[in-house]
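Chains: A, B, C and D, in written order; residue numbering restarts at 1 for each.
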């Protein structure tokens, strides 16, 4: 399945990934709602995945062999798996915290200081 | 050195190390109400260790010299770490000392009822750790055991300590932080030494290998590395500006910890300075010797004067031990075989003496619940045996002939007066002030009119007599027949190559005052 | 002859060993049984006395040969790199004489104590100490080298400490014991230094070897250094005797030492231990002789102590203190005798003094015992009638110390004075003569006030038991005839001398002068205290300041106390202050700094996860920038490269 | 044409992502998230990673977004239009993010030595290829991931179920 002449290069993909990552980062930094933070985290993971796949796609690999050529894709797959687990546990935690504290505002989550 | 000995290795030292450890494990699995049984097992463990180290003391071949009873097991071959044990004339007296004091300290805490199980477990760990530092032939193992020692001391001071001028929490914290700061500097020095020795490959931590590669260490490196070790070991041996942990720590610590700390733990500093400083970095030692000598004099006189002004018994002895360590430091600074002989013997002598006197103070405190000298007096009426122990300890402290302390001091003076006459004379002047404060506490605590408030006190008896008998016997046996101890120490000094190092170093300084 | 004796002399080590054995026995076995303890102790010392007499007779038979070739038995004691010490016994006339004197006085005192210490709680302890003392003293006498001598020297000091403080419940006794130990310790500091310097220079501490090394190298400046070095060593060595033998200014402990039981004062603080200093100087005489300055110093100190102590003694009221100052004065005599070169005379006086001073102390003890611990002579009076044996023997002692012929003191004192005069020390001779006068005066004063005169109705004295009077009688005999050892023709100095033996004819003129001085003293005392021709009070009233100064012992104790309490303790307090507020203060300051900065820095721990993440990422960005744009510098910081060469 | 498709979907993904982080309504954010995921899936397709694209759609767009919506529903309090506010430090966050992006962009754009393939290969990326690799080379991580998912499932259930107060 070839969709074109691929004039779009590696750097472009990397820039897209960086853009997504930084947006996610901003979300992690700036949002108050803990669910929004989790969403931003997912964005960052996606950005990383884009990098994985892009490097896998474009970079020179010494051994042109199926076993090595798809390593980046496999890594991305594992990231997706871990992300799924993470979001499941994370949301469960959010619900637990919400049940105990009646809040999803991370500004109020400072019980671990000092 | 070690290669000259038959291979195969002796398991004597691991057994000595293992005996208290085994007792510790047995105690761990005992019900905590069985305090009597716990004490007996602890005493058994340390007794086995003591008996075996006595055996080692007499089985050691003095004519052969060098490291004996060696055992080497490669541990981390990539880094050159070996589980290497062995003793020579420098470490065997220290090993014996550790076990003598360890055994006595069990009996000195015979009346311990508060959390006895935990106490004896920690005490046995402490004894094992101290022992390990002395039988290690590998710098890494040495350091490992040294770090093991710190943990039980902190816990023991915090839980079983006593609060006097400073709180026991403060005392424990001070003790621990000093030990750790010292060990931090030591660690840097150790790593630097290790890297310098591994410059041409074949990394090693073995003491003898490190010493054999002296030509790899440049003079500036030796100076810097010795400086680090001086700071580390110096704070351990309570060298002058780094001494203030010693009186506070002893005053806060329970009796057994005071005994072991003043008796042997402190000696790791002197032992390390000789074994690692003088032996491995002779040029550095020579460079720093004037500094050590000056600080040693400060130790001797300054601490002796402060001891005069103390009201708490343990503070007197705490400062006294700082003062006595000054002699060891003078001896190290003098850098000749005679004085190093004296330094090792002095560490042994002071260990026995201070352990004895601390155990006696422990009993006094246990019975009268005070250590304040003005509150005490005339205890010889009610507790003659305790008074005898106290007087023996005091006499040893002021260096009375027929106690081992006298010969040690004499040897130190003999060795140091050739090279450091002024410092030695000032140091010898210290014996006067030592006599003053020692006799003062003997007079004010033991003698004087009978005080009716102490009439119900019972003299020490039964197990409580063990520290007095064991340590008193050692003080006089080694004092009347000094060759028992000095023969061994001398074989260590002359056969380990140390002598050669010392001779070359002190060649330029020989000549003396006149 | 000499050969057979040699075998006997090899057993000399038994003499100190026996009392030591008895000490161990008493301490570990018989301490519960009073009778057994004293029996063991007395048996041991009597056997030792027997041996000492046997050896003494052997020495006399062997003749002067032993002076040049003493019999030495020794074994290695300490052997390490650069330090080799032997321990052993030396038998020569000097040690033989000392053995006899010490063993005799010790056995007399121990027998005497059977009566004197009757009923004391610490009976076994007392005899244990006595045995330990006998061991130490005899061991010191037999020492072959300086270190051995020093060891036993310190041990006798320990025994002195223990026995002065025997009644440890008395505050005064405990303080006196402490004072004695510390004061002698000051002297020992010098002695120890001297020993160290000597060993450093000559590589030996053996008396004979040292003497040989010194005499062969005396001209060789390269080895001995200058005479100055010898002088320094002699000074340092002499500090020991100054402490032990109570020479000015370290004399202060001896009068206080009278707090111990009186037999102890007789044994330790009159007859034996205090003369150890004289013995040491005699042993080291080759060193002192090599330095005229040191000898001058010794003579000066001795003469000053003699007259100084005698002047104090005339204003004291306590019977034991008078005797103590008298002892100081006589010790000064012996020391200046050594200083002026009257070597044999000094040791002769050591022997005779041991007899009559022990006698007088025991007599004083008998009096004190009879009067139930009264010691002020003005509380006594007319005791001769009630205590004839004590009174008579005491009178013999007084005559002996006053130098009345033919009693022992006359011979030895006369030899000393003659030595001082003939060796060209007229000032010292004059001082000695005046001291002899003072001695006679205060001893007669003591005797007349305590034993003559009216009885005091509140006293009910009675003669002491046999166990106390027999030693008195024996010692009185020795005090009476002991001086005859000088006859005929310097018999004593034939055996005990230094260098070449040069017999000198008795100078009867000088002897006459000293006898006159002694008799004058007795006469003055008689006029003042018996006839009361001149009231003693009126003399005191006429010179109130002099009397006060003398009575207060020149305020030397007060000066020392002030020095100790204000200077030494003050320094201690100042240093302690420095220690806890400056040295420790710096440490605590660092700790406080850490804590303070932690207090500030912990504000950054807001608990806000997002803040943490922001800081973290900011740092990441910075590091990233450094790595991305400044890689030239950073690639060299590769941690693995730093470990390069390890593997 | 690929370039056009790329830019369309790349801009879509980025715009949706900015919608996620800027929207003040958390429900809108969740939907923007799904949109962003879908855009990324198309990018995968453009990079020949068909299988990954499918997984992306299934897991992210299908499962994660929905779960987020559920979580929002379970925890929502108050006004929904103000359910996703910024905190006070959002300025700093923006600064650091922009800084990071600037640095990355600079590095990416200035770096010339990417060792890019002379001519891009075109095969691979199918489910078949991936499965071969997962079951041979990455066998153990694959199994570990399975265990992880199971544990996460159990953990999520336990956490969400909570502990009864009076037990």
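Assume a contact is a pair of C-beta atoms (placed from the backbone, for glycine too) under 8 Å apart; a residue touches a chain by one contact, two chains touch by 3 or more.
Here's who's who by UniProt: A = NADH-quinone oxidoreductase subunit K; B = NAD(P)H-quinone oxidoreductase chain 4 1; C = NADH-quinone oxidoreductase subunit L; D = NADH-quinone oxidoreductase subunit J.
Keep in mind that what you see is a predicted model, and the values were worked out from it rather than measured.
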**Message:** Closest chain to the overall C-alpha centroid, by per-chain C-alpha centroid: which is it?
**Reply:** B
**Message:** How many angstrom lie between the centres of chain C and chain D, each centre taken as the mean Cα position?
**Reply:** 97
**Item:** For chain A paired with chain D, centre-to-centre distance based on mean C-alpha positions, whole Å
**Value:** 5
**Message:** Report the inter-centroid distance (CA atoms only) between chain A and chain C in whole Å.
**Reply:** 92
**Prompt:** Where the centres are mean C-alpha positions, what is the separation of chain B from chain D, in Å?
**Reply:** 64
**Request:** Enumerate the residues of chain A that touch no fewer than two other chains.
**Result:** 25, 28-30, 106-107
**Residues within chain D bordering two or more other chains** = 87, 89, 92-93, 96, 100
**Message:** Which positions in chain C are in touch with at least two other chains?
**Reply:** 610, 614, 617
**Request:** Identify every two-chain combination in which the chains touch.
**Result:** A-C, A-D, B-C, C-D
**chain D-touching residues of chain A, taken from the complex the two chains share** = 1-16, 18-33, 35-36, 38-40, 42-43, 46, 49-50, 53-54, 56-60, 64, 66-67, 69-71, 73-74, 76-78, 80-89, 91-96, 98-99, 102-104, 106-107
**Request:** Using the touch rule from the top, collect the residues of chain D that touch chain A in their complex.
**Result:** 1-3, 5-7, 10, 13-14, 17-18, 20-21, 26, 29-30, 33, 36-37, 40, 43-52, 55-56, 59-60, 63-64, 67-68, 70-72, 74-75, 77, 83-87, 89-90, 92-94, 96-98, 100-101, 104-105, 108-109, 114-117, 120-122, 124-125, 129-130, 132-134, 136-138, 141, 145, 148-149, 151-153, 155-160, 162
**Request:** Would you tell me which residues of chain C are touching chain D in their complex?
**Result:** 610-611, 614, 617-618, 620-621, 624-625, 628
**Message:** Which stretch or stretches of chain C touch chain A in the complex?
**Reply:** 602, 605-610, 613-614, 617
**Message:** Looking at the complex, which residues from chain A come into contact with chain C?
**Reply:** 25, 28-30, 37, 106-107, 109-114
